[in-house]
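Both complexes below contain chain A, partnered by chain B and then by chain C.
For the complex of A and B:
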């Protein structure tokens, strides 16, 4: 049985989504090219990568944690991927004597590194009981440093065609169906399954709902949290790999601030920072709407510097509205 | 002098889906102790939170000192001379007693007449004098966290007194106090009364109510039932008016037959020197073992130790002839032991999750397809069976558990454990904060489980409940087992004597 909602409450609970879709429609009316095929593909590709990152962060948020190392881990993943996916004939290769590696092998290598970062996050949080905010903030800097060391602060270009094609290509060459969208969809379905149909998913919601009760109920909270932060790392690895292909190159600045976008997308999509609540479908909507807003601002010719300000405000408002739901219930 | 210092009339308060208060009333005479009674969910706390400005009432009026007033928030209430001692304490354990008492209204001095600073000297002096006048022997500079929960409760009451309140609301103030502390509290109440202060007293303990109060207001389902002087009331009369029906049996008939010993605890000792130590007891199949003791007797700690939530230094647990090593609850559960914790909200329910998730969470491994996928159908069936079997009142199995009443929440957690089919069920204060009607249902469940051959360990602070339910009672004092009573010996005097064996 669903609680009856008054219309006003419905508006407030979905205020961010309604506002942003409204804004997009207005922009579309003012700038008709907004509804073009090219722009649509752009939206899907942008959303796809950020959705994968947001899904990774969502597990942390649902268990009342967070992951501020997300963006930097994505960046590191992209740099590693790009380094090993440079074309053989590219003149300034990082490893000139390295032949062409199988793409799957590089992907697995990237995933190994990012899952390792997630594991370290998990160990510090679950075993040492360091607050997730601090633990992952520290990790953010560590990963950035590691990335600087690894790349020597040099940008990496000259990527292989088959790699960049992951991003530029589309199914049956239909513009509307870029590969990136497909990857995101597959990941979304798998993670939906994990969240809703496996004990691990239920344990995750339980820990977020009440960690003490979870412990008493025999849930291995340490193991569950480790799994969650490792899964998050897995997502960042995949996202970073795709991001490298999408950007046609990589540098240490890649992925900066993505964790906040991901957290914003989750919160707009109904993942509660209070823990225990959140759905994959909601995250998709949240990220999509957030991207829509960003593209709308681009179309209106808003300078990038200003879009940061707007993004920050959106994040704060989204969390404020979320908290409001729980305060009102007292 | 006015007949009433405070009147609340026609108070209505709506929460999503519920009418929590429906034309509630309250008439408080100056200088009296006025008990507010009703089952859980009757709206007592809600009414008091409206008075204290925590909630805004949707309808109704408050007449205070003969004038109609609006109370916007707790600060406003305090300014007007209304103080409240909360059911759930909200202390700041890392700060001193004095700082807790004067929190938000520190005595100040101004440096150069400009910069406001806290006058610590004055604050400590005033606190010292206050505590002394109330017969409390605490150091004002001590960290609040160094006190026991019951001592903190007394500090909380001192805080209300220090606000020079005209009305003090006490919401279940004795729920964690020992007998001696209750006496201290009562003497504080008498002192307050003499100074012309009125007290609104919420409690479930009938004897206390009849002892301390002048008048009693009874509420049921958010409605005002009536106000009587305590002299014309008896425990039975109060219960009848609270539930709105006659309660014939307080406890169900028990048909369990204790069999062989299945669990032996020997020499069980905590890693903390002041917690449980040298504990020896055994538990029979199909037995209800009561555990009695005062607050601080370490009963909860002992049971949590057995369950693997707390560490033990030495001792053995032998279960069906097998020595167990339990360091985490998971191990206890896998061996067929279950623990219903004392703090339902803190370590029992998953508030934001559904009734279904709350029932199934500890037994999900039994409902897997292909070792990974949950069988939703089977789980729904399990939940529905339990909802029916324990008559859990919920609109749907998908309802969030926090919207259910305390009694129904407790039943949900009991079904969570039953889904695992444990042999030993440890229940820590299973009826705390549950209304009279639902208590009886919980007793029936316990009696039925014992009849089925499950062994029950039941901790309770309500002695009549233990005497009514248990086959045998283990009494603890200061972390040690001081004795076992059964049969004829099961009376309050014997138990009390054992429970205060080492009391200073």
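For the complex of A and C:
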């Protein structure tokens, strides 16, 4: 009886994942090209960038916070990266007299800007005690404005080949192993180590579990939160840099709504919005499954407006299932 | 025998400490508590909405509806 109940709970707790995998299988049976190698590579490339963003957001969620500026920061990072990675012979260069800069230098510059955004978020949230929802919503608008000022609302194109190769290339020329997947894997492993094997990771879960207890136990909650939002910024910087390469250009609208996708991926993957719970492997599954659903909807020819409704309902169900877990534990 | 404290708030008259009266929201919460069962029903409804949106979207997208 107990086993039956726990199996039922397992099914309910993972209902979203089971539903989406089921939907993907149905689509695969109806449209055989869904399981093609090209589509698989597409799925990995799309998942890779979103996974990196979701890992950044997960730290905030684990400490009962959130980061609504994620998408816009990714967009700003992509615009900065694209601006400085334009080909020398491109006629409409943003800075015509600027020579070709080393890729690593541009990456570090992009990371610096996005970490700065994260630091500002962290300062406002940890020091001024502004609710994360409000603080990051404000930052979202600030970053969008900054991006408009920086780009002049003009799309940026003509990117260098070595830069775009970061996304189009694959390991040993095997289609199934794109570089983007490798980058996401490396980041996933590093962040797994940070979350599970370092004091910072332990502090993060402790703050999410009970912030007052964590503070009384001697944990520097302000410093830990600052680190979390700065790490999130670092993730957005890397994701933006890769997104620019993947898209072959950038514009101010890039990254719009990515924060919600990231939060959805996290919640589907078991990161609790009540704080204190979340695993890197879960986030990967959550993001992968969410992306699978989006591609499945494209294959089935679901009207675009309805895809937004579906994605919205998926996010609400994921959060409702999370609350259900919390209530069941009480 | 336990004596009733006169200052104890009964939920009807204004709370002596906060001077607030229980509103419709508190009454609704008391009637439909946040339990696993009520959440199961809400989640089931949401799943139905999800399937409906997927089906209608597919039919509309393929020009059937």
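Here is the rule we go by: the second predicted complex is superposed on the first by the 325 of 330 C-alpha atoms of A that agree within 3 Å, B and C clash if a C-alpha of one lies under 4 Å from a C-alpha of the other, contacts with A are read in each partner's own complex, and residues count from 1 in each chain.
The criterion applied here is as follows: contacts are C-beta pairs under 8 Å (C-beta built on N, C-alpha and C of every residue); 3 or more make two chains touch, one makes a residue touch a chain.
Worth saying up front: this structure is predicted, and the values here are computed from it rather than measured.
J.: Thinking of the overlay built on chain A, is A:216 touched by chain B (first), by chain C (second), by both, or by neither?
T.: Once the two structures are laid over each other on A, A:216 reaches chain B alone.
J.: In the superposed arrangement, does A:321 touch chain B (first), chain C (second), both or neither?
T.: Second partner only, chain C.
J.: Under the stated touch criterion, which partner chain does A:277 make contact with: chain B (first), chain C (second), both, or neither?
T.: It touches chain B, and chain C stays clear.
J.: Considering only the touch criterion stated at the top, classify A:14 as touching first (chain B), second (chain C), both, or neither.
T.: neither
J.: In the superposed arrangement, which partner chain does A:42 touch: chain B (first), chain C (second), both, or neither?
T.: In the superposition, A:42 contacts neither chain B nor chain C.
J.: Considering only touches as defined above, state whether A:199 meets chain B (first), chain C (second), both or neither.
T.: first
J.: Any idea which chain C residues touch chain A in the complex?
T.: 34-36, 39-40, 42-43, 46-47, 49-50, 53-54, 56-58, 60-62
J.: For chain B, which residues count as touching chain A in their complex?
T.: Answer in residue numbers: 16-17, 307, 309, 328-330, 332-334, 339, 341, 346-353, 357, 360-362, 364-365, 368, 372-374, 376, 395-396, 398-399, 416.
J.: Report the residues of chain A in contact with chain B in the complex, numbered from low to high.
T.: Going by the criterion above, the answer is residues 1, 3-4, 193, 197-199, 202-203, 205-206, 208-210, 212-220, 272, 274-277, 329.
J.: Of all residues in chain A, which touch chain C in the complex?
T.: 12, 15, 19, 23, 297, 300-303, 305-307, 309-310, 313-314, 316-317, 320-321, 323-324, 327-328
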